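Labels for the chains are A, B, C and D, by order of writing; each one numbers its residues from 1.
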Amino acid sequence: MSASKIMPLDLAIRQLTSDGMSLALGTALEGMIPFAAGHEIIRQGKKDLTLIGPISDILFDQLIGAGSVARVIAAWVGNVTSGAGYNFRRAVEQGQPRSIEVLDHSNYSLALALAAGAAGTEFGVTRSLFGSDISLNQDIFREMICPFTGERHLAVRARRPALTILHVQRCDSRGNAHFWGSSGVSLDAAAAADRVLLTTEEIVPTELIRSDPNRTFIPEFLVSAVALVPWGAHPSSVYGFYGHDDDYYIEYAQATKDRAAAQAWYREWVFGLPDRPAYLQHLDAARLDRLRLTHPALTIPVDFGY
Amino acid sequence: MDALISSANVVVDYTPQELMVAAAAREIADGELVFVGMRLPLLAFLLAKRTHAPSALGLFENGVIRDTAAPHGFMTMGDPVNLTYALKCTEMKEIMAYLQRGRVNLGFVGGAEIDRFGNLNTSMIRRPGEDGFVRLPGSGGGADIACLAQRLLIIMAHEKRRFKEKVSYITSPGYGDGGDWRTGAGLIRGGPKAVITTMGILRFDLETREAFLSSIHPGVTVEEVKANTGWDLKVSTEVSVTRAPAEAELAVIREYDPQGHWTGWRKP
Amino acid sequence: MSASKIMPLDLAIRQLTSDGMSLALGTALEGMIPFAAGHEIIRQGKKDLTLIGPISDILFDQLIGAGSVARVIAAWVGNVTSGAGYNFRRAVEQGQPRSIEVLDHSNYSLALALAAGAAGTEFGVTRSLFGSDISLNQDIFREMICPFTGERHLAVRARRPALTILHVQRCDSRGNAHFWGSSGVSLDAAAAADRVLLTTEEIVPTELIRSDPNRTFIPEFLVSAVALVPWGAHPSSVYGFYGHDDDYYIEYAQATKDRAAAQAWYREWVFGLPDRPAYLQHLDAARLDRLRLTHPALTIPVDFGY
Amino acid sequence: MDALISSANVVVDYTPQELMVAAAAREIADGELVFVGMRLPLLAFLLAKRTHAPSALGLFENGVIRDTAAPHGFMTMGDPVNLTYALKCTEMKEIMAYLQRGRVNLGFVGGAEIDRFGNLNTSMIRRPGEDGFVRLPGSGGGADIACLAQRLLIIMAHEKRRFKEKVSYITSPGYGDGGDWRTGAGLIRGGPKAVITTMGILRFDLETREAFLSSIHPGVTVEEVKANTGWDLKVSTEVSVTRAPAEAELAVIREYDPQGHWTGWRKP
């Protein structure tokens, strides 16, 4: 069958990312955020990226503070636990470390932009955002009259990220991924993208994927590379694996309130650590243990037999 | 059932946030579909379910639908426990389609700034005469909820710098500049039902759509509310006192916020 | 909690259907077709219905042959096992037993019509059907230029059925339904509809539904009534329960080739049988046994714990 | 590897359908995403996977994606066994979005009528001079596949009444009236690659987009093909003989069609 797409994360980022590209990340909202991949992008010094995501959590803030980003297309940029994203604010308000362009969306309009990208149309339509100043950006939104009823709709420009990075619970070597829980805009972000990188908690045989075809989220033909990265979404949660590290978010907010402190944070948590195993060691095992799930709630099997 | 606390010299044994939660809960009717956020709105939803609205359902924009409280508290809607024994987990597009189709009865939104017609700003604050601006996180799902929910409930701290004659950016539209502005703007339904603040509850005139003070919280005066509002706030001729949370309500709120993270009833 | 929505099928059909209404059926394509509900509609003598479905199988043919239908909005009407639907042909070609209007779709354009209905927009957009005579029906399709790129798209009129009937594997008394397998356009058909009737193989406690929230397909707020109808989709298949009765399809084709024979078929299989238990008895137990699944393939549990 | 059977007096040990399946399988390249129908296209896909295209994937429009043959035969794509050990089961909209996004390399379609530019009719046949018409089942997903797949493969019985100068209704567009008609019509890609019939294989001129006879099946003459075609069929100057199915290919086809339902190699 198909060749394996498994490769180390640093190699995957080297092969699949380039300066100036558009990148969708954090598409499941508060959970399943590919932090390990984001840190590797920072370490490799990528520049002028366009980031695409709905409520984009502190991974966007981290990429922005590292100077990797030229443009953000998002509905919300901040810290889901504590509120403001200070690197984001400094970039927008003061051009520190560089100025960035922000194309504001709402969550739904961003979902529709990616859904249109996934379906291969140039735009989607909504009845949201009328009367919101968000809709005034004519580069993203245009009013449109329904040809059947005359009702007013808003066209939303389609988005096709050059690369979407998703963190999943498990996938096979070809990129067929099981995902469970709430998925935000992840499937459309993957289907819209030119290429997809999966980081995964586990690599499993294809037989396991086929045992529950409704659980299959990403099919292999969307996927360019697979990187095995346990705990790759910390400090966000991975359903079935570990919880949301709220303390880390609060500590991050404290540590990035001013630019000098933020630089120390990058040294400690990104540049000072070569890879995710080193990150986990630095985080310390006791902390990881506290995040492990302690109350299992297993699904009840259904029959796909014949 | 509950001892109303209606003047300032009674010992206040609840926090303003707890009062807001109780007031918000009363806006939820049984069987309704509620777009739930985190923090106070989530507590209000859970309180309503435990009191008068047992069959209300909660929607979370990451893709979760719940008919019961999660088996443990959580700080973000993406915590695994918010999915445990959920009624449905799906993608955001489906949740938002229910909203746009008109199936969501009530949504909650907050904001950094609000004006007299209930327009909210969560995007960017520019102050007249000042050079720079403050960049806020943005809409998230707020603008969608404000545009598309049947009714909107706004929850905010009542501060003069937040209650402004005009917001510098309309992220989530209320009633625009009043009257039937929403229809003219292209909106197909909805609009703010009430603004529940730390000092009172504002409602909107059915014709002009301007906010007026409908009730004041126990211990607060009309003058204090007006002094903390950035426009000449109209006051109902029948301004009432917000009903304080009952013991039973407080017990539920504290069960769901055991550390006081959101309501501050205990130092977290 | 909420009151039970369970009621007998005949009562549900009486309460939820009325002459002249639009009705979506057979939305999962070849499987999970609510035949029992359709037969009850015929027995109750409903008239002037508009049927909506993608590849609409012989249930449409049966409703048409019974004279219940004024209009069909579909991509394909026939017999998935043998080809032609003879009642459909007689109605269109000869006005027997009555003439019907057919609004032709493709599968995708019908899916988009229902998706738009589900999302509350008045139209959806596609790049399919250009050059197909199907697109010439201006009541359903209008050309539209992308306001961002100038590219040509086709607007598809949204459809909101007055009632969608779905057959599912299991649901609770409030209408929260698990569904597994391939679902065609079923979710959008339900979300687009004003009301939904579920017929189900099993009624289960809500706890079972909550044990696997990704398996939940229809949430209760869409559902008006639930009818317990084991084998309610025969002769189509129900994943996890029984196979497709190919022989029945072939026999049906033979039995309906001419109008007189078709009338005998209705007497034998619809009017002569008061309800589904009587139908199953007439079908005979040995035949049902042959359709039961014999090779289980159970899914492997995942953890929704904390 | 295989003894070519190229004239009528050799004992034919395969059916025309088996030859069509073998020819269709050869059009599938390894790793491709194939929109699979039922009957001969499904057999062609399964044969390709067992021979030169082991990592091809099959899409079914009801929402199934498979990378392996189902563990047992089936007559409709909605049979439970078509879902057993599938790679993914989902809704139709997702499958069709992959198609519209341009990810599907090859799709199969059949038709009741075809014309010289590969336009197909599966909707309604009107015959000139006749009063009535014949209503066919309609498009299903055929028109979408014909519009949106990278390449289209048509499989049809070669009969004069089906191969017509002009079809009475274009359900699934081929090349319209030739040349760059597809682009002008608004189509963004695709078009028929070949028509595999019971008598031969037609391909399309890269400029005019008119069909020409590219190969004849063993035992069939060019004249017979022309006599069974409703227009003046052009013939390649290098018309070849279709390679007959090899023993190994026939073994695979018969394994997947053990009753001969679709290929008729044995009476079902």
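Just so it is clear, a residue touches a chain if its C-beta (ideal position, glycine included) is under 8 Å from a C-beta of that chain, and two chains touch if they have at least 3 such contacts.
All values derive from a computational prediction rather than experimental measurement.
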| note | If you tally C-beta contacts across A-B and across B-C, the winner is A-B
| request: Starting from the mean Cα coordinates of chain A and chain B, work out the distance between those two points in Å. | output: 28
| field | Euclidean distance of C-alpha centroids - chain A vs chain D, Å | value | 41
| note | Chain centres from averaged Cα atoms put chain B and chain D apart, in whole Å, by 59
| Residues of chain B whose C-beta touches two or more other chains | 64, 71-72, 79-81, 83-85, 89-90, 96, 100, 148
| task | Can you tell me which residues of chain A touch two or more of the remaining chains? | result | 120-121, 126-127, 180-181, 187, 211, 214, 239-240, 243, 293, 295, 297, 304-306
| request: Please categorise the chain-chain contact pattern as a line, ring, star, complete graph or other. | output: other
| request: Report the residues of chain D in contact with chain C in the complex, numbered from low to high. | output: 60-64, 71-72, 74-81, 83-85, 89-93, 96, 99-100, 123, 132-144, 146-148, 169-173, 176, 181-182, 185-188
| request: Over in the complex, which chain D residues touch chain A? Could you list them? | output: 31, 33, 54-55, 57, 64-65, 67-68, 70-72, 79-81, 83-90, 94, 96-98, 100-103, 148
| Tell me, which parts of chain A touch chain C in their complex? | 116, 120-127, 139, 142, 144, 146-149, 151, 153, 155, 157, 169, 178, 180-181, 208, 211-212, 214-215, 239-240, 243, 293-306
| said: Please output the residues of chain C touching chain D within their complex, sorted ascending. | reply: 28-32, 54-55, 74-78, 80-81, 83-85, 88-89, 92-94, 102, 104-109, 111-112, 115, 126-134, 143, 152, 154, 180-188, 236-240, 242-244, 246, 293, 295, 297
| note | Per the touch rule, the chain C residues reaching chain B in their complex are 1-2, 118-121, 176, 187, 191-192, 206-207, 209-211, 213-214, 216, 219-222, 304-306
